[in-house]
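Here come two complexes built around chain A, the first alongside chain B, the second alongside chain C.
Then we have the complex of A and B:
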């Protein structure tokens, strides 16, 4: 018999059986005093996390497994499958959580009917295992793990050889035993039986059961006779300094352009003139995202373009974007359609979310124009998963222009396509859709500039308040005026800088060594937003809505300028 | 971790029972690990330790209070309690296996209403915790949170429909909090719900709930059941909090804007040197 020795101190160790991790369940495990929340998403991925919500320390094993996310029972924080990133904080429905709120994850392997993890700093070699025909029942016992290991090493059973492979009858089997070091005085013996059992499986199992039960009783009796060791104190690692500070009213801005290397795993035509790209990480796990988020994609030609993620919640093994071939392409969409091949490597940024979905509305209306459907597909999937009331109105030139048919089909009658309408007919339809504003209703619209302009105008006429109509422009088509020079004062750094004609605030800040995140560079995405403490901005962006612009509380530093001689910025 | 009371906790008054539950026959309880006997004695009350020491007593806000140390003064004021048209009810005492300070922090928290008190104090999808104000009084003796608005489907025993309810929270004591909420019967006046938490041990509490309200419709028992029902919903959540003691290190957990009052509470406890029931930040 081979006893593969494994303890929590080093190496991979089983912490659950595959059958413990059943759909929509959260299994509570423990290794060396550290509690684990182990759960399987509907895509089959098994997550092993610290069993504790980062917010107020409540066990996640009492949380809800939605199949794509784990929801904490206390405040409803949601954490995504695979990357463990927080995707939604219900107390602040209008804010995207900083993507750095991530639960602690442990390495996971599922093999031979067991779920494995390790606590080593460097990934240890995984034990050689064939697929197991039989997983022994877990045998928990109150005994010191090292004592259990020693006893198993010296263990012998009548009829079973203690050395070499365990052989019996006319077949050959191998028993592999593992000791899960639960705590200082608690262990679980797990084991798999591999090889041909030749009809004698039950006999062998009964004999093993009897022998192991006797061994565990003996070990527990010995443990009772000795003083119980003190439990291992769990380690609660501190959160980052950034997270410990209570965030301000404006969500923290992302740091500079991220450099995640991804491979183009699949490129498919998903409608007339639209391809979908599936981007998978070269290694590790992709950072978390929320519905409405976009990524910057650096193309081999040197161009950087922004694309919204189409992903549904929990679809965390890849990023999916949709790219329309533009007739007047400045190189981005044409490069993607013509030159990108499956297997190509790309650099992308971490997802940023400046188009946040509230999930506290009684009813949500999504209005998509053409390729503008992409962020709204992600949002629709999120609300569909929650069972919330929404409608997706999808304006397109014709049936063959409707992208992502499989995702659309999943929406059922919550999807209403509007096909082949001219601008006048589109406006009439929008008037119908937006006829009844309501206090708990929200509208999200994304599409070409003229359609967005029309939608915002119609919504305002119908009496929708600004703060319930959320929009995202693809690009800023307004004529920018950068002819005025002015001064900016940075309140937190006590620095005054001159912004000359022809240069943006963003450029001046960066030239002076101030780190600023930005993405689209044309006042459409909201990434470079900064608070204004004094002075009147000359808003030239298409990100802020009319009342946000009127309040002069924030400015898009990539395009907007000053109407006063001086602006004081919260930097 | 400290198993002995720090000076600030040692010299506080703590409620150990509702007055209606104190009779001539002695009952036992625990206060910060110390075994106590209490009973009605003549016109007053008597609290003694296991080794025969007699402790100071106060009968106030419908509860019996005592201290293991020497309190510098009397109890904090709740002026509304003395208004003659109010009913005051000890709605119940309930034990929870978590530190007293975790219990107080939960009392200050609105974000959990739709998830833990679903259909009563909150309801999905109304989850937003709107901006509110929190400050320390000038003498540093108590924390006050004002303009706390939250949507509630059934804010009290006399509510018939959902509404935004306004709350004011006071924390005048390391393990006591007083909550004021708009009365559904008289919008100009506030119902008072006080939570007096008795630390049994560093990781165990007994909470005494005292109401001073304008409700003239419901029987005491009904109001008591309502409050116990609410607290019974909190209990399993609180007992699954890890660690059980309240961490005072700002990097132990992840606060959001909705947690302003708990952030101030934790800072206040740290400033007062409270180590009992907490995990102080490493120096």
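Then we have the complex of A and C:
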């Protein structure tokens, strides 16, 4: 087909001008029949995506660019800057969207005033360009790209003569044109001007625009005389197999730390005894995350620890975590504080979210204790970006213990620090904060065990329903009892296994070749949750709330056991 | 109380609703079912406007037809700042009227294509599309060079005028008549700016550009 000879078919091709892709706008582009949604996030990154929402195929170019995310107009699905992962589905406000819901992205380069992409299977070499040229107004025309290229090859303008490859020059000025093959019968002529002529600015741009308009009229008239070619059928991204199938346990199965290699790009003290770590990918783009998500970090010593992401929406070029140096460190926080250096390589897991933020609350109350502020910072930034009503109550020993001051400052009067309170004064303050439960109010709390215990008790006394109070413990400090032996029947696998004293359900499952995701190993994070179909679990975790435990519908397989002789699990 | 004879899906009615909303004016809405009921052809409405055209605005004893005339009246009567219908220089007044004329050309083309495709009107859709495409090319070129001279709106100056309000609806509804705006990025940026004017309201087929707008 002739179209493959057009410059759009091979190599990098400009599909927009930098000036086209203005803040909070979505540019609609097209290359070889593929529609593109091109948008710039507030951090300057330019995204080129397939122009259709994964949900119902509506064009993303009519969506809303929030500066950090693109929101589809139809049902409000949100997709993150850079990684294009879905961060929120309004119809499922209590659930974290699976990572597999991710838009098709195209390669992006921004250079010489133009936005470039390519559709080649192997990344082609990027052309050498003169920076900061004068960028011509793009000229759309309804003509076959190869015909446009042929006409331009014999063209001359402003005394500049053709030098091949759509370059025109006279020794002191150079005009480079490009033909973007929009579709079989549609083209866009783009161009950049450098040298003496470029000094005339807008005046020469107007003259070139007039010359290209005349050429366009002629080519469109010729194109009308010939039969119009059939449009190129767009090739939509295949939905991943995980997404196409019923979501199984395997779909969201993280392989634990080691999956992603990152480098420690920055290590900074952000409060007394707290460091922030900025982790950047060695290559490619980090997987998507939602507020409340955590990652496993494998330390060089072999220890694995879980840390919440502090990242605001759209802050997708790195993961940011905060690590407090624990007085009774079992090796994790000490290793990070003492031994990790900028430039070190680390292995981390993909983000998991078992502490999901609803965005449909009339009011949200965040209660942070110490380093427990980290997931709540991510959540606060998400709600702040949407202009939603929330308050962050941050309990800490003193001003010097408030971490991530720059992020806190951005919250303005929605942040209330509570400093240096003893347990009794903390409890009194919590009673104030939680005095008025409401049907559309949500509470999120994260902090040390005793403070969480107190908060949950006070919330229950004040009449907050369990499902409005969301919490995340750092660790499970309860004494675990694994003396009981019992039987588990796996309904879907039709297997019965014995769980002896001293071994967890999770261990037994894995020994028998059943793949299970897990993370903290102590019943705090919720990753290894499984549905219980029959039998009464002996809940020993700190992840489920009281009513969830009473319902006996799910079990944390890493610590919880059975009160009955047999459990039937949905595995 | 201002009264508007109105139809939800009409771009010319919408531009009046948009102006009323931006100026913060209350009004009484009288729905005239244009499609499929064709109530604008019935004696009751012909008594209001013998031409059988929507919208019609009544304000006290005044009765006005023609959406561009209604916009001009609202700006002169209710915009004390003089922003919306510029009389500060003869050039800007002339430019504003020029773009009001352009809005009429959009009604004759982009709107006609939409009525042919969407509401079964016996118009030549292809001719209307071709006409609209040519208008869009002119509009995009104007806006592109205007942006580079530091102007965001159709008429030079810091603030939008009724020219922007008059041209916006049938540009924004063009895809319902099979006229793509993808070749015209400067038009798409301008429509985003119109959507950010304080007081902006939507109509079926026109979506907001920012979160939380109605």
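As a convention for this text, the second predicted complex is superposed on the first by the 523 of 571 C-alpha atoms of A that agree within 3 Å, B and C clash if a C-alpha of one lies under 4 Å from a C-alpha of the other, contacts with A are read in each partner's own complex, and residues count from 1 in each chain.
Methods note: a residue touches a chain if its C-beta (ideal position, glycine included) is under 8 Å from a C-beta of that chain, and two chains touch if they have at least 3 such contacts.
Computed from a predicted structure; not experimentally measured.
Undergrad: Give one of first, second, both or neither to describe whether A:371 is in contact with chain B, with chain C, with both, or with none.
TA: neither
Undergrad: Where does A:29 make contact in the superposed view: on chain B (first), on chain C (second), on both, or on neither?
TA: second
Undergrad: Report for A:62: first if it touches chain B alone, second if chain C alone, otherwise both or neither.
TA: both
Undergrad: After superposition on the shared chain, which partner residues are touched by A:323: those of chain B (first), chain C (second), both, or neither?
TA: In the superposition, A:323 touches no partner, neither chain B nor chain C.
Undergrad: Which partner does A:73 reach: the first (chain B), the second (chain C), both, or neither?
TA: In the superposition, A:73 contacts both chain B and chain C.
Undergrad: Quick one: is A:209 in contact with chain B, with chain C, with both, or with neither? Answer first, second, both or neither.
TA: second
Undergrad: More residues of chain A in touch with chain C or with chain B?
TA: Between chain B and chain C, B touches the greater number of residues in chain A.
Undergrad: Given the touch rule stated above, what does A:54 touch, chain B (first), chain C (second), both, or neither?
TA: So A:54 only meets chain B here.
Undergrad: May I ask you to decide whether A:46 touches chain B, chain C, both, or neither, giving the answer as first, second, both or neither?
TA: Touch status of A:46: no partner.
Undergrad: Overlap of the chain B and chain C footprints on chain A, residue-wise?
TA: Dual-contact residues (chain A): 35, 62, 73.
Undergrad: Help me check something: in the complex, which residues belonging to chain A touch chain C?
TA: It comes out as residues 16, 19-20, 22, 24-25, 27-30, 35, 61-62, 64, 66, 71, 73, 137-138, 140, 182, 186, 188, 202, 205-206, 209, 213, 386-387.
Undergrad: Considering the complex alone, what residue numbers of chain C touch chain A?
TA: Spelled out, the residues of chain C in touch with chain A are 137, 141, 144-145, 147-149, 181-185, 188-189, 192, 207-212.
Undergrad: Which of the residues in chain A come into contact with chain B in the complex?
TA: Interface residues on the chain A side: 35, 51-52, 54-59, 62, 73-76, 89-94, 101, 234, 236, 238-241, 243-247, 249, 359-362, 388.
Undergrad: Would you mind writing out the residues of chain B in touch with chain A in their complex?
TA: Counting only chain B, the residues touching chain A are 110-112, 114-116, 124-129, 131, 236-237, 240-243, 247, 249-260, 263.
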